[in-house]
């Protein structure tokens, strides 16, 4: 923490800057929201079309019964690990540089997991019967099957949506109070309700800190479990290429990799749009870059282990699947390897690169494209070449599936855009707390830290 | 009512007597003429016995009927030909009944020929039109201007059509089918002095040598032989029959062989004689059998001196050691059996080759022996009439008459416009016939040319009797009865002939006084089984219908094969082919499709959807090419290729087929209909259009003697196959 | 293996030495079970609905080439991978050891389809239609499946049901050979034998003890109820 942000701004100035995003929307904002809304509408139309006609409007078949939807699902679940992990780990490890990016990361988690949760419903052959999977008492005594990983998924994702929403809300509480105090009219009323009467008393702060720490500690196992469970969707099957014990850690690592990369992308976008150059400094990118580097190394190791074991065991069908993948999906495989390990490892070793916004943007975007491809490669080539060679097949996504996936991206962006308009996107109180903490107050002739002791 | 009750009880007794033995107690077989008392019983299925008309094999069927609708066709377990089993075509026959494009009432052409424009007319108008036209023909000095074209019919319908034409005064009754085994009858006449088709005792043989006899898919009686094949392999405790298949293309039958010998097309006869020479030279022949046949081994050996191993190996392109092995195995593993099939017969030297193969059976004593070959039971009443030995020459004669303008009207049952190779000139000749009547059930290629369409009942709505082609040694006589009320305003072909006869009056009406075909059937049953008492006849009739026919218990067959002429075995001439080898380097084999036979199955969606067993292709045509040839022509699986013969050319997708000689290509028959309803129309190609005409001896047509060249057109062959192209070679992954 | 709660454990023995690959069983199954008619496009997309397929493998190269046929339907695994993954118990195990499929319950996750190692589960991607009057052929004993649900070979459970009702009405157990699924019934070569594997004297059980026996993908431990008998080739003469 060598270079704490040095501020000479007044409190109200800081508040003004950090809350600038809440000002009445500009034409640009409207255009963006409209554009995103339009893409979402296209996706909705595509989904409706699918529901009216049947799953044949997708590219799925036998044996490739899962495709772009489940790719999207795993991808978005992965992204959702960004916020919570970054935020909780850094919170627990008391990394001060985390403060300006916490809010965005946490919000991202909530929206990603929400988007992710939609995919399993979208991909159902009979979406309208989704509720059969919910354990509700009924006259027929019918109960869902808790041996099915899909039930575990549902449970874990529901828990994660609730947990991460609470986590976000908790962090938001003091800031909502600030906004409440600076608004009038109906907005004031809304924020007043949301702020739940926060006054900022010492007791409130002390409880708040305890709760945040507790929440951060609790959400980590949930997050890890979510992606482990998603990995189990694959690992508990007998599908060659899926049935692998390394899948849970491998998936979690992959999730964090994509999550961290997504946070970096988001930081760059927010920094640019809301002109937060002073709050999101090269220091932040440097640190995030280090994090990404470490995780990329871990991912590389996990991937190597997986492939190496397949190669070493040389179980005929497993090896067949891998050979098929590497020979028929070579470009995708290369993009994945470059994006997930080569690029981050080469670039992020250098401090200069980590501090270059352009490089960071390029790396983080590539990581995410690569992670989407990784999910795709796990699902599609594997299913194409299952145990029965006579029934092998191929898959390419249809327009409907592509539109729905694009709409997911747009939907996420739209939710974020709306959130940023209505809630402080930079954690105001956190940033100010740090300033306060680091500020030197005159004590006689000496200048001492305003708050003694640790956080 | 009393009599009716009696009949009911009679029928039930017969039905339950054998049902107890074979089907469990759950089914109630009843004849259609005794409906359940209160009409249908909801939820309760009834079974009607009838016969399959999917091909001439004439298998027995039971149709499950529920709520007045036919639901499922099953094999009749009591029927000696198929023993309760059915082939894919037999299973699919239900869809003929409920085909969405069935013709629902008589049609008269309203646009130009072939335009497919018809107007609906009533039966009385239609019959008036038909009888008026025929009356006019009768006024003419030469009443021979009426032609009747049918498949090779059996039973009462064969007699009826024969009587009709005779009484009308016309000799132009053509019973032609592309795949009819005329060639086998003819060869038998030469070899054994009698035309009876063979019954092969496949189940009991220990060594089967098939020269292109594709008994699993089409040859003679596929279900009978499919069943016998299973028993040959695993039906005996200690013996597993061995199977060697000879033919340039590995057919579905060939795929089950232990050994495949891809002999050059047209060389099978030389191979057979070469094997005979090796057997004689090694003294492995059956001496008693030979002397029985009046053949002197030394003479025959001398006669065969030209068929030395080197020459045979050169002619056939086979390895010498495998020829020697097969000769030894065939002669020493007794009983053994040699069969000849269409791909051999349809060469320019087909007749001689088939006879050479028959000689092999004679040589090692396979005639009239368990595990060997017997004459099959034949239908004595119709055998001479419609079971031809050279219907092809009759076809050519009819075409000549048509061309000469001698034919003024043609009544056509069947679809010859699709199944007669165009090189014969049949289609153009038919154009000159002013009045064509079709009895089609869907608007097929022939019906499209017709002036008048008098839609026949579907088989499951029809009465009839069937004598199976060659699936049994003992007499089998199958019956057909309607299993549901006819769906539409259609009439049975035979009923139309009877109605026309009565309208025409004169000798015709006198010869065919029956009002309906059912009556005619009953009458011919009476004659056939020579019962006298009226009551007995009725009972017999009910018994026949409820049991599905008359199946004579196993009895010693009276007929035997005996080699007719001692030393005489003709040398198969060098095979001739249409098209010069340098311009047309590949031999074309057209073969009957497993699912469609000669094309009649193509109208049924279940059969279109059924993956071809060998290529796994669905809903289309393809050409099979050896992988080496394909790669030398730059062709890969699914590419669109153009096949050019000296006569014409076709475009269709390629299938890379490891089981075919590199100098051969093969196309299945059955597709390429211009009509035939929504499922068949404009689907695939009809390879018959490629064929050139080459006659063998006795005008046996050589349908497998055309050469072609193949060129790649594009990647877009529109080929859909059920099996994954690469996965089809990876049986190792599942230990298969 | 779990304990059987029924005197029956239905099984099928398929003798590959008898099977000629003729495809009669495929059509029989389609006719018996209201299996949808699939147009060319549908099959091109890999969505054929057949419950039973004849796999055809080429082995070797010309001229030493061989063909092996393998009829594959649901293997009715005792430890069926398709069952635990189904979130709603639409794929379930019945007391006779059959793998059942409740069409009305299926929500269409297709998870079972992924996890069935034999790739025999087919999904109704399309709504299937029987243009009139083809619908008359539909069997009243079997549901016509809606789009969006999974289906597969049931061992012709309607025939088993019928036999059960009849035998229990008569106060007896089902006799050997009393039930024949449509495929086994029509097979010209008698390659398929269906019966009660829990009865050691049944024909199927006796055949299943043949030294030629093997299970498909035996190493996966699914314990299928379909037993194959090795066939084909000189090695078995």
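Each chain gets a letter, A, B and C, in the order it is written, and its residues are counted from 1.
We adopt the following convention: a residue touches a chain if its C-beta (ideal position, glycine included) is under 8 Å from a C-beta of that chain, and two chains touch if they have at least 3 such contacts.
The model shown is predicted, which means the values in this text are computed figures rather than measured ones.
The set of chains in contact with chain A as well as chain B comprises C. At the centre of the protein atoms shown, by the Cα-centroid criterion, sits C. Of the two chain pairs shown, A-C and B-C, the one joined by more C-beta contacts is B-C. We define each chain's centre as the mean of its Cα atoms; on that basis chain A and chain B are separated by 68 Å.
In terms of their C-alpha centroids, the spacing between chain A and chain C amounts to 44 Å. One inter-chain figure worth recording: chain B and chain C are separated by 31 Å, centre to centre, where each centre is the mean of the chain's CA atoms.
Across the assembly, chain C contributes residues 48, 53, 55-57, 70, 217 that each touch 2 or more other chains.
In chain B, the residues that touch at least two other chains are 723, 728, 730-731, 734. Touching two or more other chains at once are residues 387-391, 393 of chain A. Residue ranges of chain C in contact with chain A, taken from their complex: 42, 45-48, 53, 55-57, 70, 72, 81, 84-89, 105-111, 113-115, 117-119, 121-127, 146-150, 217, 220, 222.
Of all residues in chain C, those touching chain B in their complex are 15, 17-18, 20-24, 26-28, 30-32, 37-40, 43-44, 48, 50, 53-63, 65-70, 131-140, 162-163, 166, 175, 178, 182, 185-191, 214, 216-217, 229, 231-234, 236-237.
Looking at the complex, you find that chain B touches chain C at residues 24-26, 43, 66-67, 69-75, 82, 84-88, 90-92, 94-95, 97-100, 216-217, 222-223, 226-227, 229-231, 233-234, 240, 242, 250, 252-253, 255-256, 258-260, 262, 487, 594-595, 605-607, 609-611, 613-614, 616, 618-620, 626-628, 658-662, 678, 720, 722-723, 728-731, 734-736. Looking at the complex, you find that chain A touches chain C at residues 53-56, 58, 60-66, 120, 123-126, 129-130, 132-133, 142-145, 147-151, 154, 233, 236-239, 383, 386-391, 393-394. Of all residues in chain B, only 723-724, 726-728, 730-734 touch chain A in the complex they form.
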